[in-house]
Amino acid sequence: MFDKVGRILCAAVTATLVLNASAQAADPIKIGVIAEAQSVAGASIPQAVQLAADEINAKGGVDGRMIQVVTYDDKSSAADAVRAFQRAVSEDKVQLVIASYISEVVLALMPWAARLKTPLITPGAASNEISVNVHKDYARNKYTFHGYLTSHALAQAVCDSAKETLVGLLKAKSAAIMSEDAAWTRPLDAAYEECLPKAGLKVVEHVRFSPDTGDFTPIYNKIEAAKPDLIVTGIAHVGVQPTVQWQNQQVPIAMTGISGQATSSTFWANTNGGTQGVLFDSVALPDVALTEKTIPFTQTFTKRFGGAPSYAGYMAYDATYYTAEAVKWAGSTEADKLIEALEKTDYTGTVGRITFYGKDETFTHSIQYGPGLMTSVLGQWQSGKQVAIWPANVATGKIVLPPAVKPAVQ
Amino acid sequence: MIGLQILVDGFAISALYALGAMGFTLIFGVSGVLNLSHGALMVTAAVAAWAASAQYGFGSYAGAAIGVVCGLLGALVTYFAVVAPIERSKAIPRAEKEIFILTGTLLWGIMIQQLVAYFYTDNPKTVLPLIEGVVEFAGVRTPRNEWFTALVCWVVIALLWAFVNKARAGKVLLAASMNPRGVTLLGHDMGRIYIAVWAIYGLLAGIAGVLLGMFLGVSSYSVGPLTASAFSIVVLGGLGSVTGSLIAAYVVGYLETATAYLVSPAYRVIPALLLLVAVMYLRPQGFLGRR
Amino acid sequence: MSLIPARFILIALPILVAAALLPLGVSGYILGLLTIAYYFAVFSMAWDLLFGFAGEVNFGPTFLIGLGAYGAGILNNRYGLDIPLCLLAGTALAVIGGLALAVPALKLSGPYFGLVTLVAVLLLQNLIVVFSDLTGGEIGLTVPDVISIDADTNYWIALGFMTVSGLILTAIARSPAGLILQAAGQDPVVAGALGFNVAKHKIAAFAVSAAFSGLAGGLIVFYMGTASVGTLIDTAVGVQIIIAAVLGGRRTIVGGAVGAVFLIAAGELLRPLGSLSTFVVSAAALAVILFVPTGLLGLASFRRAS
Amino acid sequence: MTVAVKPPAAATVRAEPCLTVHGLTKRYGGLVAAKNVDLDLRPGEILGLIGPNGSGKSTVMKLVMGLEKPSAGSIRLDGTEIAGWPAHKVARAGIGLVFQHARPLMRQTVLENIVLALLPDSLLRLAPDSSVTDRARAIAERVGLGAVIDRRPGTLAFADLRRLELAKAIARDPKVVLVDEPFAGLTGPEVATFSALIRGFRDEGKAVLLVDHNVKSVAALVDRVFALYLGERIAEGSAESVMADPTVRRVYLGGSIETAARPEAAFKRESLLTVEGVDVLYGKAQALRGVSIHVHEGEFVSVVGLNGAGKTTLFNAVSNLVPHAGTIRFGGQDLARMTPAAIARAGIVQVPETRELFGDLSVLENLDLGGHHLSKAEAAKERDKLYELFPILKAREGQSARTLSGGEQQMLTIARALMMRPRLLILDEPTLGLAPVILEQLSKALERLRQTTPITVLLGEQNVTFALPHADRVYVLEQANIVWEGPPDRFATEMGAAYL
């Protein structure tokens, strides 16, 4: 706990120093960060932004302008986030806000980005709604950038990774979809239903469960009864519970898909190692050289903050960099110019090449998914470590079977 | 087959619900207090057990013990710092003690929840189970830990039952829950009885919390739902009736499990909530409650 | 025994005038903060009508708010109805919800009724997630229309709404009908023996409380541009409303407003504490409950001396 | 709308009754609280409904008011059947109730409380009406509350609280006024004022039903008395005729009494229990005024008094269950700073009027809880002795206390107290609601206890027949004061007539 207090103090002192230093230089670029300090995914966001800002400032800033970061804790509440956004814009005069990994929060902030004409980038919320809203009412919502993959793209990523690894290596032929019953998983599940068969996996069962489920026994039993070779998940509110119970009940089926909590580095400890063998898709993993920037970032981050970044940390770090580029390109932090510049982003960051879909595409302002652009990594928890299995060019290990899983006999 | 599965799966979860609710109803029975920081105390116990074993390297047994002790201490602090001052306060009219205790324990629960989230993040955690592996039973595969959970719950419930019904000191508690004035006239100080009951409550909540942490996992977000579920079960069973809570826990547990199997896991809790509303309309005193 | 005592006007009027002039001097952030605080003030005042006067402990104020908010929001989002129509429909839905709560309230007392109201919130929460096609589920509902995007206008609307609501609720509470309601809440047997139909008066109180809660809920949606479970329905929101009312001073109506503004302002002032701010605010509220049960208004000895 | 009844020109008793109760019966589970009660009440008449505690008089009153639903029977008001109506409809139909314990709205002023009673049952009365306020003020003046009109009930004197209840009844302007224990807790001059106010009702042509324990307190006021016992009518007629009625006398005084007192000098000089100048206030009501009594070791002392005289309060003061002034000493020890539980452990064990049994526990368990401080063997021995005293308890050993009859419950309560091996046993109204045959059994058991053990007993009773035979010494408690002390054989001659 003293660590934590110390860190806060440090951050505060740094912030003040930066503030004093930059007062003499040219007008600073002020970036507001609104995130969830108490959750692992959210806590990385301000840290990653601060890290990127420090690096940029150390190299002389953006055209001599220093980046100044102001952070706000939204306590996972949309109401708190809106208040923080108002404060950031009208009181602290930030020029851009990087905010949250929770879709509810980002959707609540969107009208405010439009109203206060301040660009907003989310480094971790997945809902399709975000970019669809931009598409539907571009004139109003163009201020919002979906600096992460949509649910739709995430499903595509899962299918792609499954097709190339699991169908091949595990000889899997069928799959069961297991998602929490929430708005963000609706498009995800729809995309799963569409792309899994294309990848050669027949969908034999589709379970949606209440997000406040505690006991997963009925769900696993139901899935087992359908005899799939694979469980494809779409979970974020839950993660620890289904994983631990999957392991405790020795469910003999491998699990892959989107598991928000599994991407975090503390997942092993939180599940007491129950996550051994769990597969998951993530935008990046520590020690996986997606680009030449990935490993240096992970290492610096871990050294400075005492733990690996969450997925939102990677996205937030990159968001800071492409924002800086956009400011440079636009030559201004004036919102409309900045948006124009952001739309033209083509930046290779820690997670791959980042470009945004245009105004005429369904997922306007969302990061483009695809080979050569941004893709994802299929990771697996093996003895306390996240090992990359796919894509082959960045893999750091080979797939192992989870303890209770026997390979499909051909 | 599915019937057996429901039977087996519902058993452990219901036992856990019962254990969680039992202390809650005991407190109400003896002192008329509805402790809305109940969920927070359970989470405290679970997180303490998790932290002790996963973070500070105590063994899983020592961790579990530390968790239970934390539950006990938490309950006693709740009594002395929140409940007793409100009960003693002269500034609060007697008719309004109830709402003040409800609000006070609610706030106290939020404080505990925030502290847990602050020091250990709001990510869910699971306590390392004391027993691992699975057993096959008539074609239904169940983790040993689930049986262990059910077993511990029932052992604790049986011990509580034996204590209250057989031991002389326990009988006094039982008597106090029926008629506090009666035990006062027999020479027992209610003040001491309250402390004893809160201590027993703390132990029960602690054990239930640690088991919950092993079986299903907890996070600071579990605080509200845990309180609500204990509250529902206790009211359903009849406030203050320990046996009623036991029955209600099984009704709710099986209703949820059966819904998850037979309808959809997405609607898991809805029938139980509807049942609760229906019971409140038709038999407000609950299954075994008296008015 | 006038409905609004002169002394109250003497104190409240300058505060309201000062509040109305605020947009001339402060930033949009402070205005945004107060705008939300004013809507919460209405929630708390409406709750206090039920608790302080009708004697009903409603753990589910957010059930009524949520019905108003989602009723209005869904009509606007899915069917593109005009804002006033949506607000009207949302309010009507909340009133229906209020009546649904009144039925058990007449039969049940104390913790039993409290639980029913709590269950109402949980059920609503579950239904919103289950019917996420219609409601947007846990990520919330975005409404295409808002009342205004101007911070000053929104602020004045909220201030005006709070003032009018406060005046109406205070007037009801202090009117002859309010006196009967108090009698029904304090001692239903005596009220019955004096010839008052307790059920009728309690049902009316639920309807009035629900109407204000629902309307305020709808207005918040068209101010924020979104509705979500976390901001309007979650039990934590309900807890905040109750704490505001108890903190400000029960049975005063205005106390709810004072408490709500205090809570939101305190939470914001403590923002530098980060995630500990909620802890500190809760601890402060607990201290007030333990040491000054009459609440902030009691502290200021605003109430009539006896 | 307020029901406005025009008072008849003169206070003549009209022949036609306005309230007719016929065959009124109320059962609570197995208990019959009111059995086939027939009762008439005419305009301009004051009827006294009397009966000891548990006789069903309050039940009848509640049934008439609509606070309880009758099991059978009819209640007609001016020919309209109102049995089973909710209270508010009954009230609107023209019946008003003056509660025994003042139940004002504590958060409102006196004026507001009276205004409330003047209001119509309307949701739409939102504007304050000054004429209503003026009427309320007038009523307050009439009952003598003018000086305290803006105060809250919590700050009022006891008599003023009762005045407020009357003011509310006047404001409601009912055809029939039910008054529950009109004079309880009032001083002499206050009783006179209240009697005048109640006569005022009669003079306006209202029908008044006074409910009280005994005839004496209402005799001066009533036109007619109706006596109830165990839910049934035992006598009806003028106050004198009812007081002279043999059944009534037996119920209140019992038959001829044989006493067997031991002289006070036979006991040790210093007393075991000394109560000196004890005052108890319930809110504003004086429940005990300067009460002093003493009990010697081994003595059997009875405190007789009617319900409401203060017996229970006295015992509660001894057990430190109510705050009190004055000193209470037990075996030389001051009890002021001891908790009720500590007092019980020190040897003063109460058998309360309300019994306070553990309903869901068996007879055996109840007894064992009493013998909690004894070793198992000793407890068993003690229990066997008590089974000899109350053989029925042995037969009922495994049954839960809730299922016992009233008499058995009373025996169990006494036995449970005796398990504590008390130095002083306090029995509070053990005869309450018991049938005569049970009384006899209980009486025998007490006598046996007195003969065979050195026990010290303090008995509180309204039933003199039960209280006197065992007593060595008797105190009479009347309206919070001790009014007489002496040996039981002198009671009949010195106190008998005045008691009823």
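Every chain is named by a letter (A, B, C and D) in the order it is written, and numbering of its residues begins at 1.
Please note the rule applied: a contact is a pair of C-beta atoms (placed from the backbone, for glycine too) under 8 Å apart; a residue touches a chain by one contact, two chains touch by 3 or more.
From a predicted model like this one, the values you see are computed outputs, not experimental measurements.
For subunit C, the chain with the farthest CA centroid is D.
Inter-chain centre distance (subunit A to subunit C, centres taken as mean C-alpha positions): 37 Å. Per-chain Cα centroids separate subunit B from subunit D by 43 Å.
Taking each chain's centre as the average of its CA atoms, subunit A and subunit D sit 74 Å apart. Taken residue by residue, subunit B touches two or more other chains at 117-118, 266-267, 269, whereas all remaining positions touch fewer. Taken residue by residue, subunit C touches two or more other chains at 126, 130, 275, 278, whereas all remaining positions touch fewer. For subunit A, the set of residues that touch two or more other chains comprises 38, 76, 181, 210. Inter-chain contacts, as defined above, occur between A-B, A-C, B-C, B-D, C-D. Looking at the complex, you find that subunit D touches subunit C at residues 65-67, 86-89, 91-92, 96-97, 99, 103, 105-109, 111-112, 115-117, 119, 121-129, 132-133, 151-152, 154-155, 168, 172.
Residues of subunit A touching subunit C in their complex: 8, 37-38, 72-73, 75-79, 82-84, 86-87, 89-91, 103-104, 107-108, 110-112, 114-116, 127, 129, 133, 137, 181-184, 186, 210-211, 237. Note for the complex: subunit C touches subunit B at residues 51, 57, 103-104, 107-108, 110-112, 114-116, 118-120, 122-123, 126-127, 130, 235-236, 239, 242-243, 246, 250, 275-276, 278-279, 282-283, 285-286, 289-290, 292-294.
Only residues 319, 321, 339-342, 344-345, 349-350, 352, 354, 356-361, 365, 368-370, 372-373, 416-417, 420 of subunit D touch subunit B when the two sit together in their complex.
Touching subunit D in their complex are the following residues of subunit C: 1-3, 171-172, 175-177, 179-180, 182-183, 186-187, 189-198, 200-201, 204, 251, 306.
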